[in-house]
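What follows is chain A paired twice: with chain B in the first complex and chain C in the second.
Presenting the complex of A and B:
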């Protein structure tokens, strides 16, 4: 990713609304043709960042550079960027075709040419040709997504922004549309900047992910980096089910958990580390026979189990804390509730993070 | 017939009877007006002894009546245009944009609606006199606007509330200028609201009596004439004019509704 030349540079971008700082001095560089996703809980400032990139809000401080040119004061209608809105913002008084042709009409493209381009885009996005004259409000959710994307592509922007367009779509269709979007990204070679509150969605599609929290960009990395090396408790929790144990360093590389009354071997830790959280993913946590089977072990009681389709999730109570263990369905445990189990993990599979 | 079926039928006939009585109650007066206008005699006698359309002929031939219509239509048309323009921008401020003082503005705008119209008419008359404005149908336009603009603002606001602001942003983001956004998106999407606003403005002005009474000066509108004639000098010309006035309003309303429906049908294929 680092070999791409940057198309967008954010330099200490800040946005304040009155006394409230929505975005706090963000530095970020996004490469040409990259699929970059900003992820964060609602209110984390991700939409504000996107709106500043689109030119719909202007930053209170800092600079936005497009291929090295400062574009802070360029309004949205003169930026080579286009946004797919959360509500999709399809024009209800226009047909599917007219919606897609809108940016071309604004540019005074001849009607014949417009129609040709619209039909071309509809074919690319798997919208039947007969939809050209269809009222856009009569389209289904997935079709409307495609119309919105086609309209944005008709503008022929260098960069496309997506403001959680899939958030209101049911799971199965969302999965399909995520794949389609990734295909479109590949076919067009344009830069995609996507916003979502679901890290799972971000993982599937993105080249790189930026995680935002309370107006700050807390981590930027590839999906793999974010998953395997979160730099904070916040990021590690954001991905989904995860086991987190508060720990403090007692000597050399021994970690002490006061709640569990247990000691663990510390994985590589940030310099000057004194106390923090040990993170173990459910798939790295194993149910073992003997203490010697893993570098770290805890004794607990089987509390509950959930079938997740291809996997089974076990909840194991150790003292007050519930640990989550995931196994493939073929390796089902077959134990009664409340039976004693031993759980363990290898030090290399654990991560040490601050808050 | 089973008891369930019988009670079903009983309920249905009750419903019909109720609906019919409401319709009769609402439309019988209009029918009476039509009947009263179709008499050949000079006075209002019921039941009608001699039928005839002489008064219709006389009414349509009268130059005075034509003047009345001209005045009423002029006022209503001008009021409609001005009220829709002001109401449109007022509705955007009312429902589209969030600004400091908006909630106060929302209340102030609606206040004139709650004023009794005759009091408002008198107040306006005093006010016109104070600033030395000569009274004519033109001053009545102003008086009508004071009461009608708030109504129109409210009517258009209802449409604006359901307007997704992202539509304007999307158009702007797709390269449109501010003016193109207005012309290509805002106005067409809000059109049904503007149209109903215009209809309201015309009909409210057309039928208005209390404000006109105080503010038209020497000019006379249709409702003023009707009132004057009823107080003194009744002829069956009064119900004729009343009927024509009602029909004009009804045609406008139904025509407008039809136009909107046709437009929508043409769009929704």
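Presenting the complex of A and C:
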């Protein structure tokens, strides 16, 4: 990713609303043609960052550079960027065609030319040609997504912003649209900057992900880096099911868990590490026969199991702590509830993080 | 059927379930009082007025041979001039109100924030005072040696001509009196335009003016249209402004109707005028609502 020349540079971008600081001094560089996703819980400041990039909000401090040019004071309508809004913000009093043609009409493109371009985009986004004269309010949720994207593409921006456009869509359609969006990204070669509160969604589509928390960018990396090497408990938890054990370093590379009364082998740790959290993903946690089968082991009771389709999740209780173990469906355990089980993991599959 | 009813009367018993055609369902049965009330209070007077308009002039019976004489005399006499004045003053009032109210409505809906409530209240308070009293207030303000001219004379020693008893002051009075009826629907209309939709238009390259023209105006149109209709219907039916502020320099149609019914005791002529006014205003309302289908504007259909 670093080989790409940067298209957008954020230099210590800060945004304050009265006494409230929504965005704390963010530094970020996004490459030409990259699919970059900002992830964070609601209120983490991600939408504010996007609105500043789009020019709908101006930063209180810091600079926004577009290919090296400072664009802080360039209004949204003169930036080569375009946003797909959370509400989609389609024009309800216009047809599908008129919606898509809006940016062209604004630029005084001739009607025949506009129509041609709109139909082209509709074909690209798999909207039937007959929808050209249809009122947008009569389109389904998925169709409206496509109209909104087509309208943004008609503007022909260098950078496209997405403010959680898929959040109100049901699961199955969302999965389809995520893939379509990634295909469109490939076809157009434009820079996509996407916002979501779902790291899962971010993982599917993005080249790189930035995780935001309380107005700060806490980690930036590829989906793989974020998944396998989260730099904090917050990031590790954000991806969904995860096993976290509070631990402290007792000597050399031995970790002590006071709650579990157990000791583990420490994976590579941040320098100066004294206490923190040991993270093991459910698919790295195994159910084993003998203690020797894994480098770290715990004895617990099988409490519940959940079928996830191709996989099965087991909930194992060790004292008060709940562990989640994931297995392929073909390797189902076939054990009774409350039976004793041994869970274990290899040190290389665990991660040590701070808060 | 008749036999069965006779039998019922004798036995004094109602059958368990008789789908009698004359019996009303609970919904309709409950609507009967309000239907009667509307028939007596609303439809009957209206029908009487329409009936009177076809009676010979200066008569008071409703059962004479119908004639079109009253309608003819409207156009041969001077009443049509009153008609034109009423429509003209109404149109001028509505146009002025639109220009004045849109910025205020925009401010109330978007800019003033929590001050909007207070401002709305200030716009509402005058409605608690009788219209006539408020209009007489304007007389005191504009009259010779009154608030405006008296002060002017005291400070500068010159005394300009009073604006009272001109067409302009009539329009001013109507603008003042009917302002809330334009302002509030308009404010509602402006506040119905979603912020993200305006942002989207701006983001797609539109200038502020284009955002206004392409998004704000069409999407707030329901409120604007309702404001136009409300204030126009009221302004065309206005009488006090022309009488008091205009000093009868201009005779609006409502004044003609009043004279016909009172001073000249010509009910049929007054009725014909009233019917014509209703037709003109009604046709206009229908026309506007047809042109601006509110549901279509809102994208609900």
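Just so we're on the same page, the second predicted complex is superposed on the first by the 355 of 355 C-alpha atoms of A that agree within 3 Å, B and C clash if a C-alpha of one lies under 4 Å from a C-alpha of the other, contacts with A are read in each partner's own complex, and residues count from 1 in each chain.
Here is the rule we go by: contacts are C-beta pairs under 8 Å (C-beta built on N, C-alpha and C of every residue); 3 or more make two chains touch, one makes a residue touch a chain.
Treat the numbers as computed from the prediction; the structure is a model and nothing was measured.
Visitor: Taking chain A as the common reference, can chain B and chain C both be placed on it without clashing, or not? Answer clash or fit.
Guide: They clash.
Visitor: Looking at A:89 after the superposition, I want to know if it touches chain B, chain C, both of them or none. Which is it: first, second, both, neither?
Guide: both
Visitor: Taking the superposition on A as described, I'd like to know which of chain B and chain C A:56 touches: first, second, both or neither.
Guide: both
Visitor: I'd like to know which partner A:273 touches here: chain B for first, chain C for second, both or neither.
Guide: Neither partner.
Visitor: Looking at A:77, would you say it contacts chain B, chain C, both, or neither? Reply first, second, both or neither.
Guide: In the superposition, A:77 contacts both chain B and chain C.
Visitor: So, does A:133 touch the first partner chain B, the second partner chain C, both, or neither?
Guide: In the superposition, A:133 contacts chain B only.
Visitor: So which positions on chain A get touched by both chain B and chain C?
Guide: 54-56, 75-78, 81-83, 85-87, 89, 91-93, 102-103, 106-107, 135, 151-152, 155.
Visitor: Of all residues in chain A, which touch chain B in the complex?
Guide: Within the complex, chain A touches chain B at residues 54-56, 75-78, 81-83, 85-87, 89, 91-93, 95, 102-103, 105-107, 133-135, 138, 151-152, 155.
Visitor: Can you list the chain A residues touching chain C in their complex?
Guide: 54-56, 75-78, 81-83, 85-87, 89-93, 102-103, 106-107, 135-137, 151-152, 155
Visitor: Which residues, counting only chain C, touch chain A once they are in their complex?
Guide: It is residues 194, 196-197, 199-207, 210, 214-215, 218-219, 296-300 of chain C that touch chain A.
Visitor: For a test of understanding, state which residues of chain B touch chain A in their complex under the given definition.
Guide: 164, 166-167, 169-177, 180, 184-185, 188-189, 191, 267-269
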